[in-house]
Amino acid sequence: MAQDIILSANGLTKEFKGFLAVNDVDLKVERGSIHALIGPNGAGKTTCFNLLTKFLQPSRGTIVYNDRDITRKQPADIARLGMVRSFQISAVFPHLTAIENVRIALQRNRGDSFDFWRSERVLTEFNGRAAGLLDDVGLSEFAAVRAGELSYGRKRALEIATTLALEPEMLLLDEPMAGMAQEDVERISQLIRRISANRTILMVEHNLSVVAALSDYITVLARGKVLAEGDYASVSKDPRVVEAYIGAEHA
Amino acid sequence: MMATDTETGAGVGPLVQSHSTSTPRHHVAIFAGLLVFGLAAPFLLYPIFLMKVLCFVLFACAFNLLLGFGGLLSFGHAAFFGSASYASAHAAKIWGFNPELAILFGTGCAAVLGLLIGSLAIRRQGIYFAMVTLAFAQMVFFFSLQAPFTGGEDGIQSVPRGHLFGLFDMAPDLNLYFFVLAIVFAGLLAIYRIIHSPFGQVLKAIRDNEQRSVSLGYRVNRYKLLVFVLSAMLAGLAGATKAIVFQLASLTDVYWTMSGEVVLMTLLGGMGTVFGPIVGAAIIVTMQNYLATFGAWVTVIQGTIFVISVMLFREGVIGILSKALKKPL
Amino acid sequence: MFELLGIPPQALFGQLLLGLINGSFYALLSLGLAIIFGLLNIINFTHGAQYMMGAFVAWMLLNYLGINYWAALFVAPVIVGITGVIIERLLISRLYHLDHLYGLLLTFGLALIIQGLFRNYYGISGLPYQIPGVLSGGQNLGFMFLPNYRGWVIVASLIVCLATWFIIEKTRLGAYLRAATENPTLVGAFGINVPRMVTLTYGFGVALAAFAGVLAAPIYAVNPNMGADLIIVVFAVVVIGGMGSILGSIVTGFGLGLIEGLTRVFYPEGSAVVIFVVMAIVLLVKPAGLFGRAA
Amino acid sequence: TDVKIGVMNDRSGIYSDIGGEGSVIAARMAVEDFGAADKGINVEIVSADHQNKPDVGSNIARQWYDTEGVDVIADVPTSSVALAVNDITREKNKIFLNSGAATSDLTGAKCSPNTVHWTYDTWQLAHGTGGAMVAAGGKTWFFLTADYAFGHALERDTAAVVKEAGGEVIGSVKTPFPGTDFSSFLLQAQSSGAQVIGLANAGGDTVNSMKQAAEFGITQGGQAIAGLLVFVNDVHALGLDIAQGLVLTETFYWDLNDQTREWSARFEKTAGKKPSMIQAGVYAAVLHYLKAVEAVGDKDPTKVMAKMKEMPTDDPLFGKGVVRADGRKTHDAYLFRVKKPDQSEGEWDLYETVATIPADKAFRPLADGGCELVK
Amino acid sequence: MPETETVEHASSAASPGALLSVRNLQGWYGESHVLHGIDFDVREGEVVTLLGRNGAGKTTTLLAIMGILAKRKGSITFDGRETIALPARAIARAGIAFCPEERGIFASLSVEENLMLPPRVREGGLTVEQVFELFPNLRERLSSQGTKLSGGEQQMLAIGRILRTGAKLLLLDEPTEGLAPVIVQQIGHTIARLKREGFTIVLVEQNFRFAASVADRHYVVEQGRVIDTIPNSELDANVEKLHGYLGV
């Protein structure tokens, strides 16, 4: 099958005051795949995410998404094109309840909510879907709890539910498992697998078992550059990857 | 610990209550009660004083829309209040507009000014946002001081109250009172609707976590600008009405202390509550009215009241009440 | 109005020098304000009143106790600083976990009280305070007559500003202060007595204001309203310099004094608003202020 | 008859020393000295702070007239507020006894049948000081003008006088109001080389600009300073060291004659300081008003006002005078020079009289004001 | 800090040999009651972990020990002293250091200033050089702004800075979160080494495998209570039970 590339970056570079955080990275993400981006701390993974979703402007390089050059777009527009990200440090709306968090995302699909003259009652139509999404991530009993009062792991789960609510074509997940208890890791893994059916996922993750289980393709970054690429089996045997990232002791 | 700390430190959050989606029944009741009180009040109290209270109630509520629900602390709202007041005074006095048209004109001017200042100011956040608005407000003040048609220190005096729609004479205080009551009440309902609209819901989200809102695809600046303009416009409506009531537009209305006063009203009543600013404005206007006879002690008394209210009722009168009743007010 | 060519360079020098003198006050006051804001997250609206108290305490020391200017230069800031410490312990310290709006409101109320009390007891016309003997008279600089006292103001304020800058930016204490601004709980968990540090810092910021007040006493009438409107200008200076940047508030203080001085020559009516114009431009171009770290 | 008098002035701001509580004391003294109670007139005095803001002032005036039954408003310094109260008083047909405000519009373009303007005005100040200085050889002038209506009016009026008297205005600078630092403007005045620097400002502005003028050695350099509106309290605050030699115009000074001295001593007992001319004006105006009420036997504003204008005035502070058809009260004005420190014999011994300007010369001629009441 | 004699306390349950004894610890966030009686002991030189699902109350327990949780009751004895009522700074001075879950790196401080921030409370902490050996990334980014570091680098900084203080008891809240496997291994070694040097450590961990490799004993926390204690040596025998607790 000819490769169907949904997102590609060419020569992506980001320089912070003389420090090259991302250095001439080429990245191709195949449509429908789960693509993992791994690498040591400070390798530039989050920076890459920020560049792809336009939270940062690249110093050099181009980004093409669905055959469209998005290098100069605004972050909100990226989300509108169907590419949505989560954050490494959890990002919820702390004073809204869990279900309201999800509804905010669902509401976006109504079109822009500038209608200040309508009653918010029109939003109740989303309650059903929102509850369903909360259920997917195991938060149904917390629907009415303010997000700020959830424990860390649950905040992460909520964040995923919110992201999914947008029904994005492509998802960028920054360490979705960080800080999650084992049971949740299992659940979220399954969730990711399930939603990946008709989506593309680009994911940063340090939990190697998750990476091994989920990803179709892996890009390893180190010091801002691509160190290795391939499937888990080949990448995990690459001595450079073992040295820089996995470490000798990992089973 | 860290989580709670950053949250409470981060903004106006802790006082803001999340509302359930349907309009609580007690809100309807309170609005009805306010209306009844408003209709009966001029037969018990001095109508001009009541009109002053009404104008400031609207002003404070407009401000609260921006601060309490948009999370944006403007320190320059006097610019909108004052410029609208000048514009409507000028329209009524020089161009001979009917009061409703003069007020409309003033409100429109405030909205345009809000669009201008807002589109520059919303690019900044937090205290910087406050400062940019203050800076622009100072420029508006300067303009009002220097421009030929504003009458400098004297202001625009002897503004005619005119005839509503060219028909009803507004000179008798009672006639004017019911006109003002209608304007202000309509303004309050509009604000309530804005807060409880799909737009209002997005505002809450943006105030809570702007980055996340962006990543969900919301163009946050447009939302901020819209709420800014709405707030400026309603503040302008209050200012324009005040000019007609007092037949005067003066520098007080554009001075920075006016911006400060509206912050005080909102906080005293309870920021982020629906009814707080109403109470806050009523308290402060009443206080100013009755303290005037205390002469030089006025500022001392006023200061003491602020200190006490910050130390003891910092959630504002209505904020505390709402907590005690466990109902959003 | 714009008689740029009509003004001989000589006169211009004079005006610039005057601007620098005003800048000295801005720098001292904004420095105190920046320190307090930086650490307590409180916009100290009492700052203007505390500046005024500095001048009044100096006047009282002289008239009631016969303590002269030089001694007052040290004693008055200490006294006013102590009142600051009391205010912080009693009132402000209860507000840290809240939005900085509340601090603003509280200090605003305090300013009203303080100014009102002084007005009631001392009236509004102002009280005279003589320039100390050694510094009376002045130097003819050719382009202008510079009163000795004004020269002293520049020197004194520069010294104090630089010393303060050094302490905060270059010592361990400064790092504690900055860290405590962000997350006092965690700094406390490292074993540092944050509340005491905060109290003393507030006292110090207040003392700086009082110091400026003593410096001002011989120039401007000692008057209960002398600091009333100043606060907002000084706060603008802090913002332009970049909130929390000590160096920023010092440099901007002097710089804005100069700019204001120039405006007074070319467009005097505008001198009251020029700072705000500068502020708007700076913030729109450099969001975090001239010396501020980006958020 | 019951009469309610509202003393409205600045009780906390920059004009609170020249009016403030002192004006209330003066009004009370007028009631006592008149012996109102014995004559069957019940007088109640209320007071309020207008904070120098026209909106606050007009608000209070309206409320006083509408709900508190106030018949007369007295004092009201600050021109913008005075004009606002002037309007409302006319609308409600009450009586306004202005003593504190300077604007000559009150008896000119904006004159009202319900207003009496007692103590002084900008025309009178300009002619008193401006005329005298030019006559004394101060031909070239530079103005420091407070940038608001009052300052502009004072500059305009004085400049006209200076030109009329053969002098020349070689420059002026508008200073932000209220200001604290005038050194920059003084420097401009200094480098202009003008013989006279005219201070078209008031209150704290005047005090600060005088103080700084002394500091920069301006008077030593041979330039004279003319304070266009200086009150005795300002001079007291400045101290004679700095203020000495200043020439100024007032219409009242406590040390004019035995009557003023006696009254001022009584005033000082309650107020703790000597009276300003504004406070004196409040006393005299209230006294005259009460006499008119007694004469009419009723407090009907139209009748009382007619009486006030018809009846010549006579009081211990301003002597004999009249209230003109345009509402202007005329009396003598005085040109004073501030004493040198060694001439002064007490804390309040501040002025020496240079000249007395007779009532008919001191104020604007009736015909020139453009008042509609004057046919 | 001079060693004080172990004093007998009212809370008689405190076991005598323990460096840290937690008895019936209750904790609240505002109105909501989160800890319902936590009990555990740590002897000098031990590493223990608190395991449990999300929201079980592990972080809250650490906050209470550190004196940061505003409302707490019960008894915490450290080094023979009752600390339940002490302010955080006094607890820190007594020799307890804390590395928070959210890392708590200061944005207004450079990496170096962040590292040097906590004052030394006792001899025997790591030197700066040793910290760099452990986390080489930090050396390169020394002058950069603290929060500009990558997530993992911030974690290293947060751990590194408390190792410097010489505190006897380290409270580490999920120290391996977001770290690359190599670094996790390094931290494992570090913990082992700290243990050898006499440090005592309370570890909150989600990474069960990691916990097993370093700890002497595991306490299972559920709904604000310690519901089970499993010595590391008996871990294999209890895997089933543990999986049940953690819902794996």
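The chains carry the letters A, B, C, D and E, assigned in the order they are written, with residues numbered from 1 in each.
Keep in mind that, in the parts below, a contact is a pair of C-beta atoms (placed from the backbone, for glycine too) under 8 Å apart; a residue touches a chain by one contact, two chains touch by 3 or more.
Since this is a predicted model, take the numbers as computed values, not measurements.
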item: If a chain touches chain A and chain C alike, it appears here; value: B, E
item: Chain located farthest away, centre of chain E as origin (C-alpha); value: D
item: Chain A-chain D separation of Cα centroids, rounded to whole Å; value: 75
item: Chain C-chain D separation of Cα centroids, rounded to whole Å; value: 36
item: Centroid distance [mean C-alpha coordinates] between chain C and chain B, Å; value: 32
item: Chain C-chain E separation of Cα centroids, rounded to whole Å; value: 44
item: Two or more partner chains touched - positions in chain A; value: 152
item: Where chain C touches two or more other chains, by residue; value: 116, 119, 183, 185-186, 269, 272, 295
item: Junction residues of chain B, two or more chains touched; value: 1-3, 6, 296, 298-299
item: Partner chain E, residues of chain A touching it in the complex; value: 16, 19, 39-47, 88-89, 149-154, 175, 178-184, 186, 206, 208, 244-250
item: Chain D residues touching chain C - in the complex, by the definition given at the top; value: 12-17, 147, 173-176, 178, 180-181, 183-185, 187-188, 191, 203-204, 207-208, 211-212, 215-217, 221, 233-234, 236-239, 241-242
item: Contacting residues of chain B [partner chain D, same complex]; value: 46, 48-49, 52, 145, 151-155, 157-158, 173, 246-248, 250-253, 289, 292-293, 295-296, 298-299
item: Residue ranges of chain C touching chain D (in the complex, touch as defined); value: 8, 11, 14-15, 18-19, 21-22, 116, 119, 123-128, 130-131, 138, 144-145, 147, 149-150, 219-221, 223, 225-226, 229-230, 261, 264-265, 268-269, 271-272
item: Interfacial residue positions of chain C with respect to chain B in the complex; value: 41, 43, 91, 94-95, 97-102, 104-106, 108-117, 119-120, 183-186, 232, 235-236, 239, 243, 269-270, 272-273, 276-277, 279-280, 283-284, 287-289, 295
